[in-house]
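Below: one structure in structure tokens.
Read from first to last, the chains carry the letters A, B and C; within each, the first residue is number 1.
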Amino acid sequence: MSGQATILAALAAPLAGAIGILLAGRLSANLRETVTLVTAVILAVVVWSLIPELMAGGRPALSVAEVVPGIEIAFRVEPLGMLFAALASGLWIINSIYSIGYMRGNNEANQTRFYFFFAISLAAAMGVAFAANLFTLFLFYEALTLSTYPLVSHKGDEKTIRSARVYLGILLTTSIGLFLPAIVWTYMAAGTGDFTPGGILEGNLEGPLIGLLLGLFVFGVGKAAVMPVHRWLPAAMVAPTPVSALLHAVAVVKAGVFTITKLIVYIFGVDYLFAQPSGQWLLYAAAFTIVAASAVALRQTNIKRLLAYSTVSQLSYVVLAADILKPLAEVGAAIHMVAHAFGKITLFFAAGAIYTAARKTEIGQLAGIGRRMPWTMAAFTIGAFSMIGVPPTGGFVSKWYILAGAFEADNYVAIFTMIASTALNALYFLPIIYLAWFGREPEGAQEHGEAPFPAVLALTATAALTVLFFFFNGPVIALERQLIEVWE
Amino acid sequence: MEFLGLYHYLVFPLLLMSGIYAVIAKRNLFKKLIGLALMQSAVFLLYITMAKVEGGTGPILKPGDADVLYSNPLPEVLILTAIVVGISTAALGLGIIVRIKEEFGSVEEDVVRELGGR
Amino acid sequence: MNGVVAHLPALLVVVPMLTAPLVMLLRPSGLAWAATTAASLCAFAIALSLTAAVLAGERPDYLMGSWPAPFGIELVVDAVNALVLLLVTGASSVALLAGARSIDSQIEHERQPLFYSAWLLALAGLAGIAVTGDAFNIFVFMEISSLASYVLVAGGPDRRALPAVFKYLVMGTIGATFYLIGVGLVYMMTGTLNLADMAERVGQVSDLRPVLVAAGFITTGLALKAAVFPLHLWLPNAYTYAPHMVTVFLAACATKVSLYVLIRFDYMVFQPNLAEHGLQFALFLMPLAILALIISSAVALFERNLKRLLAWSSVAQIGYMTLGVSLLTTAGVTAGMLHMFNHALAKGALFLAVAALAAGCGGVRLGQISGAGRRMPWTMGAFVLAGLSLIGVPGTAGFVSKWYLLSAAIGYGGYGPLLAAVIVLTSLMALAYIWRVVEAAYFGAAPAESTGRGEAPPALVVGAWAVALANVGFGLSPDLPVTLASKAAGILTGYSP
């Protein structure tokens, strides 16, 4: 299949699947679940089929329509986007398996609506990944916000509606209020919005304006959750856990940091931004977010909220790494997207499994649960180690690269932040692990076993991926090194 | 005498302002309509006044006449149209007032507003 | 056919106007509706062919009675009014096609032929304003359409429409009167009523003060008709209490036609000839546009009546158009004209959906439509889609005009970024007031008792969806409106040397 057809298929498959889910939902739940799984597999196959071409240096492109003279809907696959798309599509399969276990185990209502909007969200994520210019990216970025809203507000009760309002409010306000003006400004300054290796702003915009534009972008891309536009993430935790797992550990948040990284590499240009003193503030903003979010996480008692703040912190690792503006760090940023995705999705799967099996949501309730749910807690432990950055987990690899880049740039802020946050991560994860394995269950505790089989299967798979990534990260690194070759 | 010759042009803004005053300040709906009619009369006066050419006679062509100075017929024709429009507006306005009286029992603006008319 | 084609600009007005008295005589109201719709569709077809001619580079002119210009009345069609003509005839046709049941349920049976007759007169009037090139002719058509609109708005079952119509009548007549004064003053100085001729002759006038005064009167009068803040007070109540289909029709095009005349007069006659008039025009309109945007959006945030909420939203959206036009740049005028088109699409769909909601829920207050998302999913779906266009989400027509507005504002220099901030801020306010409705509909509990039928007439839902999808269609491929708008902007800014 030609590159162009593949791109189209990558967008069309989840959409077609969505319609299939709607139709199948009227017939039988099993049929519907099958459609979801089949669609996920097809999407993964389609997306992953692009990898060989990418590894060889190819960049498939597709131009769809010209909306306004000079502004078109176009797609172009490059290493960063390939990584994001492969990650999202691959994890969708595992997440769908998990969803089946979770949604049935909790007897959730409106499951067809759930799977329908999930598929649409994946289509939007693919659009974000493969966008060739700012306009196309914005189009699918907004589509992603809108299509995940029904998922976040799924439960429909008072508290959920309020939180969903925060979610939508922050994301749309930042995107319409900051991101959109930044995009229009870029188009006007540079005459184009195409993602170009080396950036398009050199010679068109300089001085303090660069810092301002960077600010509009960074805070406009609310999905990257740089403080203070991070509040939507904890608010989104009212969603069912499969939503939190894939979307708020992988698709939505990764779309955010992916966008920022892509902006830095392809719009601002790494070397150009490095030479601009007005862009330096981003480093501090990212560092602050990392440390502050970890500090807030320390004080959380609800598992999902703790994971949410941990995600806020981990996302800014990517932003920090991208802003170190040295080749190794850029690779580290890309790798961290993968490592964090594997680790966080495992953690969320575990949290959801605990809720499904034991109806527990608070950390304090986890005493001794490791003995009742060994598989779940083992996966949780692996995920936590990845967050901290302990070998042999994927988190270690990405931190290695980021630190290497930081040393190369003599960036002491980054180095110090990495060390401090590692310590903080340990501070809030290790007690949970200790409590789960070595704590004593209170008297009269409810008897319960492991989570439903699909859920356990899924979380074991992602935990395994987390470990495997430590050993088999070669191809990913080779792909992302192409990013560096782009401007070196 | 130049000033008195422009007499009509001075009356025009007076009529206009009286009309506007009536529309805004009077609470009775009938009186508002009268104000509107006053305003429109002011406009008619303006047009007709501008049509009169000093020393010109009525714009009626008689065969055989040459070199006669006529007043401008066009504004008068325009005003005929505008008068018709004014009459239609007045008729419609009066009809609405009748209906308001039927529905609300009053034609005072503030009473109607209180009764839910906003 | 050549003979007919040559007369198209005139037929555009004549067909609805002659059908009007005929419709009055058709007793079965279904027949009256059919005749009205046929005439409206005929006008729409004419508008389409005229637009095609304009896009092909022609300039269909027409001399009424073959009297040569500038003595006779000349009808001119160029890109500027082709856009407006499409809007007027299109809005009328869609409202009629989708709204037969709605009109039937709101207007008394015996009165319906009269109602349709008035509708055709309004259509003829609005089309006439857009197509004529004679200043006084504009006044005549303006009053024809206004009087017909007063009848239409008052036709519904809600008695509160009557004081609203009276206010509309008074303010509308004042506006028309001012316009007439202005035209009189210009005529006094130039001796002509033909717009093109006027533009030439004003340049040769020695004493420009009457012309300046005329500009003031004309601008104020037309601003009244176009509901430019703060002369918009008639609009919210008139739109709220009118029959639903009348609101669809008027909200989509009535004020835009007056705005068109304002733009045409100002750019064509006054700016090229009065020194610095452009600056005065901009200084006058721009702050008013900003005020309109901010204040109207704020009021809409607190409204509980859906129609009044959308009416205030219309006042705000007129602010966007005025803002674009007051920038005096080609980019700005393009954005303003484009927004005329896209807003008509968005508001048309929204009001159609609201009409459907009214039928199904028995009313248009937030409390009454609560939970409608579950009871009437298709209707609410169209509402959400059109709402997204109003907010300016990419992929919709509303986004395209927002993009152009933002580009025009940022490219304006000076305090352009400030204008961009206002545009963005008010878009967020639009998000807020649309989302209030969405939340009430999808997450609210159904009211205890409802006088509605529980579902909407299919024609209305189909109509709402058709226009809502048109929003998406023109959002992804806005070739037609963008081309028309840029051509129009080229013509308008091209008058000034």
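Definition applied: a contact is a pair of C-beta atoms (placed from the backbone, for glycine too) under 8 Å apart; a residue touches a chain by one contact, two chains touch by 3 or more.
For clarity, every value in this text was computed on a predicted model and none was experimentally measured.
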TODO: Would you identify the shape of the chain contact graph, picking one of line, ring, star, complete or other?
DONE: line
Task: Chain occupying the most central position, where position means C-alpha average - done: C
Task: Distance between chain centroids, defined by C-alpha means - chain A, chain C (Å) - done: 45
Task: Length of the line joining the C-alpha centres of chain A and chain B, rounded to whole Å - done: 70
TODO: Go ahead and note the Å separation of the Cα centroids belonging to chain B and chain C.
DONE: 28
- [ ] Identify all positions of chain C at which a residue touches two or more other chains, and write them in rising order.
- [x] none
Open item on the list: List the residues on chain A that touch chain C in their complex, please.
Closed with: 65, 67-69, 71, 73, 135, 138-139, 142-143, 146, 153, 156, 161, 165, 168, 172-173, 176-177, 180-181, 184-185, 187-188
Open item on the list: Show me the residue ranges of chain C that touch chain A in the complex, using the header's touch definition.
Closed with: 388, 391-395, 400, 402-404, 406-407, 410-411, 420-421, 424-425, 427-428, 431, 435, 439, 443, 475-478, 482
TODO: Could you pull out which chain B residues touch chain C in their complex?
DONE: 16, 20, 23, 29, 32-33, 36, 39-40, 43, 46-47, 50, 74-75, 78, 81-82, 85, 88-89, 92-93, 96-97, 99-100, 103-104, 109, 112-113, 116-118
TODO: Going by the contact rule at the top, pick out the chain C residues touching chain B in the complex.
DONE: 136, 139-140, 143, 147, 150-151, 154, 159-160, 162-166, 169-170, 173-174, 176-177, 180-181, 184, 187-188, 193, 237
